[in-house]
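Structure, as structure tokens:
The letters A, B, C and D name the chains in turn, as written, and every chain counts its residues from 1.
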Amino acid sequence: MCRWLAYSGSPVLLEDLLYKPANSLVVQSRHSQLGVETVNGDGFGVGWYGAEDTPGLYHCTEPAWNDRNLKELSAHARAGRVFAHIRASTGTAVQQTNCHPFRHGRWLWMHNGAITDFPVLKRDLVLAVDPDLYPQIEGSTDSEVFFFLALSLGLREDPPAAVARAVGVVEEVGRSHGVALPMQMTVATTDGETTWAFRYSSEGRSRSLFHSTDVSTLRQQYPDNPVLHDLSDDARLVVSEPLGDLRGAWREVPESTCVVVREGNEELLPFGPA
Amino acid sequence: MCRWLAYSGSPVLLEDLLYKPANSLVVQSRHSQLGVETVNGDGFGVGWYGAEDTPGLYHCTEPAWNDRNLKELSAHARAGRVFAHIRASTGTAVQQTNCHPFRHGRWLWMHNGAITDFPVLKRDLVLAVDPDLYPQIEGSTDSEVFFFLALSLGLREDPPAAVARAVGVVEEVGRSHGVALPMQMTVATTDGETTWAFRYSSEGRSRSLFHSTDVSTLRQQYPDNPVLHDLSDDARLVVSEPLGDLRGAWREVPESTCVVVREGNEELLPFGPA
Amino acid sequence: MCRWLAYSGSPVLLEDLLYKPANSLVVQSRHSQLGVETVNGDGFGVGWYGAEDTPGLYHCTEPAWNDRNLKELSAHARAGRVFAHIRASTGTAVQQTNCHPFRHGRWLWMHNGAITDFPVLKRDLVLAVDPDLYPQIEGSTDSEVFFFLALSLGLREDPPAAVARAVGVVEEVGRSHGVALPMQMTVATTDGETTWAFRYSSEGRSRSLFHSTDVSTLRQQYPDNPVLHDLSDDARLVVSEPLGDLRGAWREVPESTCVVVREGNEELLPFGPA
Amino acid sequence: MCRWLAYSGSPVLLEDLLYKPANSLVVQSRHSQLGVETVNGDGFGVGWYGAEDTPGLYHCTEPAWNDRNLKELSAHARAGRVFAHIRASTGTAVQQTNCHPFRHGRWLWMHNGAITDFPVLKRDLVLAVDPDLYPQIEGSTDSEVFFFLALSLGLREDPPAAVARAVGVVEEVGRSHGVALPMQMTVATTDGETTWAFRYSSEGRSRSLFHSTDVSTLRQQYPDNPVLHDLSDDARLVVSEPLGDLRGAWREVPESTCVVVREGNEELLPFGPA
């Protein structure tokens, strides 16, 4: 299992997101509080939208807590959209091509969870990927195949519908192989403007997911908290677990829900397989 | 493109094979003489048959010339069957799961060359792999898919026939996608007893391949050469390029040929796609 | 801080030491029970005495739990003397030259603990190293400087006396810089025959250290335990923490003690700085 | 030996410097034309001055030609001062702490060449480093010790004088140990504003060094060359070897010379040990 965060708002230094919070993602890499595994040391990745068309990616197979280059990059790169992910492998190899977020054009994708019995289901799932997209699958994870399924099923046109269809395919393929509860997921995806985050599992007991609340309200409640003053009013975070214990700062995303974050507003939609 | 060696004979220290020859594989990693690329620095691998049932594997993504662990392992491991490979990537990621030799049970496989336009052909080739074997494909190279094709087509029963069939599939899939000359290869495979090496390409202009000649004859010709005294009479090497310039020590393997090395004898058979 | 084990006895597969015990060193790399840090993921190392004069070393900067090459090596290398160490860096870089065990000729050395305020003391400590040995210091850890101090002060002639002198130098240099309690250590060293292990700290509250008890007695107590049947009567382990919960199998080494393991016997000697 | 480039001018994407030129540094990492070694695959580093006070550093032990993260960073980071270096180790370990450029506060330093018999001279050279700076030496290279010597001898106040003194110390220590010609160097250092580059060797036969000529003149000569149009008039490069074969674009730096690049002007000063 893994931990991740998705930021949108005015440009911030990556280190403000990845290192400075009390329970930052780098802290979670060694001591996650809500994860299935306390240690998420099997590589990490960051995707950030700078001045260029395509987001930048930094993928590394070392634990995040050790990586000096991540610290350097984080101290120098600013971005208004940031995806970051720390990995706890469920068996597939620790290699850069298995690090999240995955990228396709302007799109990023990251996943916490697993497709149960993925080795058994993999061939059928891969066959459901658009043959034109298939050669671009680089790694060996369930998460990347899930991304390519969603891309094949319309992610770029209608993300919630495409993810619902992809989950539907996974559950159908699972059932056909006798895997009763194949999907466990929190997922985030973005085109660099809007962020869509999903919490779902076949068994209805999904991994934790939270979104931050309105920054301007928080600022009134905690006028002395310096972190809040650095954030723009439209800043929003969706995270696997809260980055600190400021009361009222985090709201749990309900089961079977899609969170849409756009221009400082979040909208919660019911989500289920199609 | 890549360089490789396949040794069979009485147990030797790996360093005698990998470091001591004048044009050793480690030297070739930086300055290959006959390779398409002079630098083969995109990872390497060694497979060796020790006392255990399954051969050991050491795969690393660094250049072989740098790797201290390879030097240590080579100074301490002895084996009577050794496969070693240095990689020059033709585009796929530099990661351990893309390092040769690949292993399946007691079998090892390594490849120099490429399947032309592999991204275009990959899906059809992967579909031709036995679905029960498919989940064991770990990396993203053409070489590993080729191995799994051969396994699917009977490698463990009749290696020359299975490789011929696998080449046949590749050429057929190639043609169906308009790739006229899809296969370029020298390949070695072994079950730990016999070694089979193949030189073939669709265009009939294959990468170089050599086998060593009879050690006892060489020893008579060069009574003062200490290297020859450490080798048993049944020692044989099949290599991408000679490990030194001892005249008479190396014989080029002809085009479209399979070399079978067993108990100190080599047999050359004509080889072509089935 | 770190965790380590030192084995002596009849040759065993490394995996019997590193992977098979319930609380093996590889398990401890992610979830140590008695360590200052639960995660020891900042590299690891193994030293083993095979057929060659000099022990082999395998050093890696990845977490031990991830390393496929360690698994392969462990499944194929047998040795009658094994040192293994998993690292939790106290600040110095994660690099192979900082991985324990350190080697000098036939000698190995590994350390759990730290020299307090090492950056402040380092220059004076390094100046106390024999100038002829000085150029062989490759890394940047306190542990390696400590090893070279001991080598400079007679490790190869009288290990307990040399380590006592080295601790004396560290404490003297510490005091001269106002560092009241500079040394925290469990240390093991061997020449491939005898193993010397030390538990000591300036404050008298040292990291945990245990040695295994007589195997033949254990075998009588637990006639059905298969692990015990694979070990020779003279097999002995000295470890940072027990590898399992077999009652009576482990005895804590007292504070300020040197354990000498030789030919299946252990001797406990009082230890203090000279 | 190594290859490097030092850029100053208006902010450019790092990829314009590192990837786009015909004989870019990434190309040189595999096929250097003027280097002592054609392959510079033992790690690399980039230092860049962005919006923050301290330059960013990216150090990696893999060959530059392989590194996907370098490609990503280069496609997203813009800087008006860039130091980049590819390494061919002369024996010291391939690890991040041995990658150039080295950093101290706002200062960067990189070196091509070697201090002859460095293991013999190292202790005396290290003793000449300011004890307050000594603990900040992290790696094991001659180049980093040279940097700390220069820092100890006034680099931040008067770079040419400090480097002259540091070379003087190296040559004096060398002579005292019977090393006749201890210094071989091209070096670049910067405070983020001015760049100082040095070409010198004890034997008077130094590694190659070039600086670019006036961009506005070049633009007149080659009105159709698009690369020149992206560069500001004050853009200047100092390089180990030309990045392309545009006639008139590169001027060799004479032996025993210091080049000072400031605000689009270069000044050449005689240089020798003090």
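The rule we apply is simple: a residue touches a chain if its C-beta (ideal position, glycine included) is under 8 Å from a C-beta of that chain, and two chains touch if they have at least 3 such contacts.
All values derive from a computational prediction rather than experimental measurement.
Peer 1: Where each step is a move between two chains that touch, what is the least number of such steps from subunit B to subunit D?
Peer 2: Steps on the shortest route: 1.
Peer 1: Going by residue numbers, if over half of the contact pairs line up, that's a repeat, so tell me which of A-D, B-D or A-B repeats A-C.
Peer 2: B-D
Peer 1: If you list every residue number at the subunit A and subunit B contact, are more than half found on both copies (same) or fewer than half (different)?
Peer 2: same
Peer 1: Using the average of all C-alpha atoms in each chain as its centre, how far is it in Å between subunit C and subunit D?
Peer 2: Once rounded, the distance between the two centres reads 41 Å.
Peer 1: Would you please write down the residue numbers of subunit B that are in contact with two or more other chains?
Peer 2: In subunit B, residues 68, 93, 96 touch at least two other chains, as defined above.
Peer 1: Among line, ring, star, complete and other, which best matches the way these chains touch?
Peer 2: complete
Peer 1: If you look only at subunit B, which of its residues touch subunit C in the complex?
Peer 2: 48, 50-52, 54, 56-60, 68-69, 72-73, 75-78, 96
Peer 1: Considering the complex alone, what residue numbers of subunit C touch subunit A?
Peer 2: 30-31, 38-39, 41-42, 61-63, 66, 68, 89, 93-94
Peer 1: Within their complex, state which residues of subunit C touch subunit D.
Peer 2: 93, 95-97, 119-120, 122-123, 126-127, 131, 134-135, 138-140
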